[in-house]
Amino acid sequence: MTSGCACSEHSVAPALERVEVVANDRIASGVGLIVLHAPRTATAVRPGQFVHLRIARDSAHLLRRPFSIHRVRGERIEILYQVLGAGTRLLAERGAGEEMDLVGPLGHGWEIPPGIAHALLVAGGLGAAPLGMLAEELATRGVAVTVALGAPTEERLIARDLFENVARRFETATDDGSCGAAGFVTGVCETLLADEALDLVYTCGPEPMQRIVAAQAADAGVPCQVSLERLMACGIGVCLSCVVPTSEGQKRACVDGPVFDAATLMWDRPEIR
Amino acid sequence: MTSGCACSEHSVAPALERVEVVANDRIASGVGLIVLHAPRTATAVRPGQFVHLRIARDSAHLLRRPFSIHRVRGERIEILYQVLGAGTRLLAERGAGEEMDLVGPLGHGWEIPPGIAHALLVAGGLGAAPLGMLAEELATRGVAVTVALGAPTEERLIARDLFENVARRFETATDDGSCGAAGFVTGVCETLLADEALDLVYTCGPEPMQRIVAAQAADAGVPCQVSLERLMACGIGVCLSCVVPTSEGQKRACVDGPVFDAATLMWDRPEIR
Amino acid sequence: MSGSVTQTVDMSVKLGSLTLRSPVLTASGTFASGREFSDFLDLERLGGLVTKGVSLEPWEGNPTPRIAETPSGMLNSIGLQNPGVEAFCEKDLAYLADVDVPVIVNVSGHTVAEYVRVIERLESEPRVDGYEVNISCPNVDSGGMAFGTACAPAEEVTRACRAATRRPLIVKLSPNVTDVAEIARAVAGAGADAVSLINTLLGMAIDTATFRPKLARVVGGLSGPAIKPVALRMVWQVAGAVSVPVIGMGGIMDAEDAAEFMLAGASAISIGTANFIDPTTAMRVTDGLVEFCRERGIGRVSELTGALRT
Amino acid sequence: MSGSVTQTVDMSVKLGSLTLRSPVLTASGTFASGREFSDFLDLERLGGLVTKGVSLEPWEGNPTPRIAETPSGMLNSIGLQNPGVEAFCEKDLAYLADVDVPVIVNVSGHTVAEYVRVIERLESEPRVDGYEVNISCPNVDSGGMAFGTACAPAEEVTRACRAATRRPLIVKLSPNVTDVAEIARAVAGAGADAVSLINTLLGMAIDTATFRPKLARVVGGLSGPAIKPVALRMVWQVAGAVSVPVIGMGGIMDAEDAAEFMLAGASAISIGTANFIDPTTAMRVTDGLVEFCRERGIGRVSELTGALRT
C-alpha cells in the first residue's frame, strides 16, 4: 500500500482459506449478495482483486468460480453474484453456517496512481461488483468519485447505496428509463467525460460496454482501466486458459489482470468481444 | 393383498414420486432414520419392497440408491440407513423440507403364505430395516412373531422398540455381549429353531450370516426367505446388474427379489458371498 | 427465449428409409424391450425403441459385480446376457406387437455367421423395423468390440448383415479406436444405412479396501455424462465423414444434451444410462426438444442436425 | 483401519535410474514450473515436478475460449502456449535452481527434429533431471498427438530423443488409440525408460445458446475425474505389457485415486486438473498415501504397484 498503489507487487500471496457463509440474500432478480467470514482474505484483499470459490463439494461441477470482492467489512467479505449457470445456482442455495473454501486474494486489481483528484467509475449491471471496494478506497484517499451505473431496469441497479454514499456525483441509466437516463450507461459516460475534469476512468461491465467506454475515455484523453472476465481454471497463472491479447503480448487475466490498462488491450481481436 | 400373499403379482406398479424429507435423525453410530412424505409409495408398498432413491442432484454420484421401507405411517415412509459411502453421507445431510425423488415401490417382497402360525425373523445389523414392516404385518394378521436381532454392540441394535412391541419372543445377540447373548445372532437363531415350533424363517443381514441362517433353517426343515442386497443400476429389471444365481436360472434381485426362497439360491456360487 | 412463440414443432426425422415421429430413441441395453418403462412413459411417443442385444443362443453374461459407479458415470460389464433370439421373439416381440413404436433390434454375435443368423431369424418377424448391429460391446471375449476396432472386420460384418436383410441396417460403432471416422466410412461403404455411436468407453475401477477390481470381469464399459464430451466429438467427426445419418448417444441426460448431439451432426439421439437415473428421461428430452425448438422459432427439429456454427 | 499402527512408510519409488522421494508428481501443463504453487505447498516434498510443455520456439497457443467445464471434468485447448526453450531456461530453470526437487521437462515439437533440438538445448542445463516427451497433445495441429497414435512415429520420436540424451526419458502416451499397449511396447522398445499416461481424451462441448463449440478450436482434451476409469484401464493394460515403469494419471483427486493407479500397476502418479481445484492436492495425496499404507501395515509405498488382486 506504499505510494498509494494497489498493484500486484504489493499484494499478499494467495492462500486456500476455509470460509463460512454469514448471510446470503437475493438483492435483485437473479442477483445475490453473499457475505463470507474470511478473515485472511478480508485483510489481504485490494480493490479489484477476486477470489476463486469452490461452490460444489463433489466433482460434477469441477471448477472453482471466480468472483470479485465487492466490499470488506471487518473479517467479512461480500460478493455480489448473478445467477447464470449451475455454479451460481448452487451458490444461491448456500445458507448461513455452511462452509466452502476459496483461493485468494487473486489478481492484479485497480491501480490508484498517486496524484489523481477525480475518478469516474462506469459500471454496467454486475460490473458494479468490483467497483464497490474501489469507490470506498478512493473516497478514503480523498479522490473525488463520480459514478455512472447502468442496468436494464431500476430494480437491477446494483450497489446504489454504496455508490450514493461515497460518490460526489452519481448518475444512473436504465434501458427502460425507470431510473435516471433512458438507454445505456455509455450515454451517461459520454456526458460525464464532457462535463467533468477527470483524471481516470475505471470500468467494469459487459465487454461491448467496456469497449465503448474505453474508446470514449481515449477520445477524451483520459486513462482508463477495465476489469475483464475470462474463463478461468486455475486462477493462479498456471493453466493459460484466461489469456488476453495485449500490446505487450498475451497476458493472463487471473494474475496480470483482471484489471488492464485499456490502452494495452487489443480491442480489434476476436478474443475481446 | 388377496389370499394373504405379498407377492409381486399383487403389487402396485412403480412410479417416480417426488418426496419431501419430514425428519432425518441419527439413531445409532453411523445409522440414520429418514422419514419421507411419500403418499403414493406409502399406500402401495408391501413388506420387503424397496425404493430407489435419488440422493444427489447433480451427476457426480449418478446412480440411485436402493433402500428398504422400514415402516409406513400414514403418508410417510421410514428408511433406516447405514452411512457407508458418498450417497449415504449425502443422505445423512438432508434436512426436513428438502425434496428428493424415488422410484418405487420396487421388488418382490416377503411372501406370507396362508396358514402360517409362527414366524422367526432373524436380523443382523441393518438387516432389521426390511423386517420392520414385515413384523407389523405378521402381527396384524395374527401370526406369532419371534425376533432374533444381532449387532456388534447394544447401541447398534436397530429397531428394538418396534420388534419388542410386536414380537411374542424377542432375543438379541451382540458381538461384545453388551446386550443379550454374546456372539453372533446365528447362535440365537439355532436355539430358537430348536426351541420353537416355527413355520417360516425370514432373514436379512450380512450374507455370511444369511448363509448360516438358511442352512440352519434347512437343517430344521423350516422354509426360509432371505432378502439380498445387490448393486443396482435401474432397480426395475432392465439393466441386469443385480442378477443372482438360483436353481431357476439367473434372477434379478430388483424385480424377482430382493426376497428369495433360500432353497432356490445357489449358495456355493462365488456370486453369493 | 421469446416465451410467447407457440408454433408447433415438427419432431419427425428421417433415418434412411425410416421416418421416425421423434429423434429420441432408447439406447440398447438400457431399456430392455420397453415393457418395464411402460409404467413411466408412453412408449408410443418414442422415435424408436432399440432393444437389448440379442444373440443366436442364450448368453449367460458375466459374473457379478457387473457395475460400478464412477464420477458422473458408471461402468458395466453385463456381457450381453440375453435369452437368445428365439425367446426374444416369443416374449419381447409378442409384447411389442401391441405397441405402436418402431422396433430396432440390437444384434450381437461371436462370429459373423451368428450375427447373420440372428437377422435371418428376425426377418420373418413383422414387428421388427430395423437392426442395430453391435460391433462395439467391450464386455464379451470374442466378437463384440473386436469387430468394431478395425475396418476390415467391421466391413465384413456389415456386408454380411446387409446381404441378409433389406430392412434398415444401423451399425453401432466403438469409441475405443484411434480413428472412428475411418470405421464409419468402412461400414457406410459396406452398406450400413446409418451409424450409431458411441458405445461405452473401456474403463476400470478398483476397490481400495479390498485391492480388487470393482467389476468381476476387471474391465467394463463407461457410460453416462462423463463420456459426453468424447461422444460429441466422435459424432461430429463421423457426421463430417459419412453421408449416412448418425444416431448420437453418450451421457444424454436432458434436452440440452440431446440438442448438442444434433448440432454436432446427429439425426437422432439415444437415451442410455439416463433411463436408470430417471425412467421418464426419454419423455423429458422429447418435450424439452420441442420447447428448445419453439423458443428459437425452429419449426422442424431436423433443422438442428449439423447446425453447429464453427 | 487400525489407527494405532504408527510405523513409518518408505515413500521412495524408483523410476528407472531416478529414485524419487515420493510417487507423487505433477502433471505437465497443470503446474507451470511450480513457482505459483509455492504459496500453497512445499515443492521439495514432491516426488518430481513435471513442467509445462516446452518447445523450441515460442508457441502462441490456441484462440480463446480455451476451456470448458464438463460433467466431472474439463476440456482444454491451450495448445501448448509457451515461451520456448530459451526463455524456459532463463526463467523457469533459474527459479528452480534453488528448489530441491527432481525436474522433468515436458518436451513438445512439431517435428522429430524439434523434439531433439529442445532436448539438445536442455542437455547443458544441470537443473534438468529427465524428460517427458509429449507425443499425445490433442491441441496442436502438427506434431503432438499425431506422433502418439501410431507405433511407427511414436518409435521414431522416441529413438531420436533417446539418441540425444542419457538422462531418464519418459514418453507420454495418448489415450486416443485403439491399442495403447502396442504403442507402449513400441516406445519401450525404442528406448524409453518409462511411460506416462494418460494425456487427455479428445472431446468437445457445444453451447446450445449460441450453437457454437465451447472451445474456439472446437475440440480439446478432456481431463479430470470423468476420465479416471479410462486412465486406470490403460495403466493396467500398459503395466501388463511393458517392463519399464509406468507413471499413471487421469482424474486423481485424492489418495484413494492415487492408490487405485498404483494398484493397477503405476510406479508413480501425477496430479493434473486437481491442482486447479485444490492447489494443495499434491500434499494431500502425499500425506494420504502415507496414511493409506500405514493403516494397512504397508511399509513401502512401492508395494502398492501392481498389487491388484484379480
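We call the chains A, B, C and D, going by the order they appear; numbering starts again at 1 in every chain.
Methods note: a residue touches a chain if its C-beta (ideal position, glycine included) is under 8 Å from a C-beta of that chain, and two chains touch if they have at least 3 such contacts.
Just so it is clear, the model here is predicted, and its values are computed rather than measured.
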| Mutual neighbours - chains that touch chain B and chain D alike | A, C
| field | Between A-D and A-C, the pair with more C-beta contacts | value | A-D
| query | Among the chains, which has its CA centre at the largest distance from chain D's? | reply | B
| remark: Whole-angstrom distance, CA centroid of chain A to CA centroid of chain B, is 56
| task | Would you mind pulling out the distance in Å between where the CA atoms of chain A average out and where those of chain C do? | result | 47
| field | Interchain centroid distance [CA atoms averaged], chain C/chain D, Å | value | 34
| note | Multi-chain touching residues of chain A, meaning two or more other chains, are 59-61
| message | Using the touch definition from the top, which residues of chain C touch two or more other chains? | response | 71-73, 224-226
| said: Please classify the inter-chain touch graph. Allowed labels: line, ring, star, complete, other. | reply: complete
| query | Tell me, which parts of chain C touch chain B in their complex? | reply | 29-32, 36-37, 39-40, 52, 60-61, 63-69, 71-74, 76, 78, 81, 224-226, 253, 273, 275-280
| field | Parts of chain B lying in touch with chain D, wherever the complex brings them together | value | 59-60
| Residue numbers on chain D that touch chain B, as the complex places them | 71-72, 225
| remark: In the complex, the residues of chain A that touch chain D are 13-16, 54, 59-64, 103, 230-231, 233-243, 250, 255, 270-271
| note | Touching chain B in the complex, chain A uses residues 56, 58-61, 86
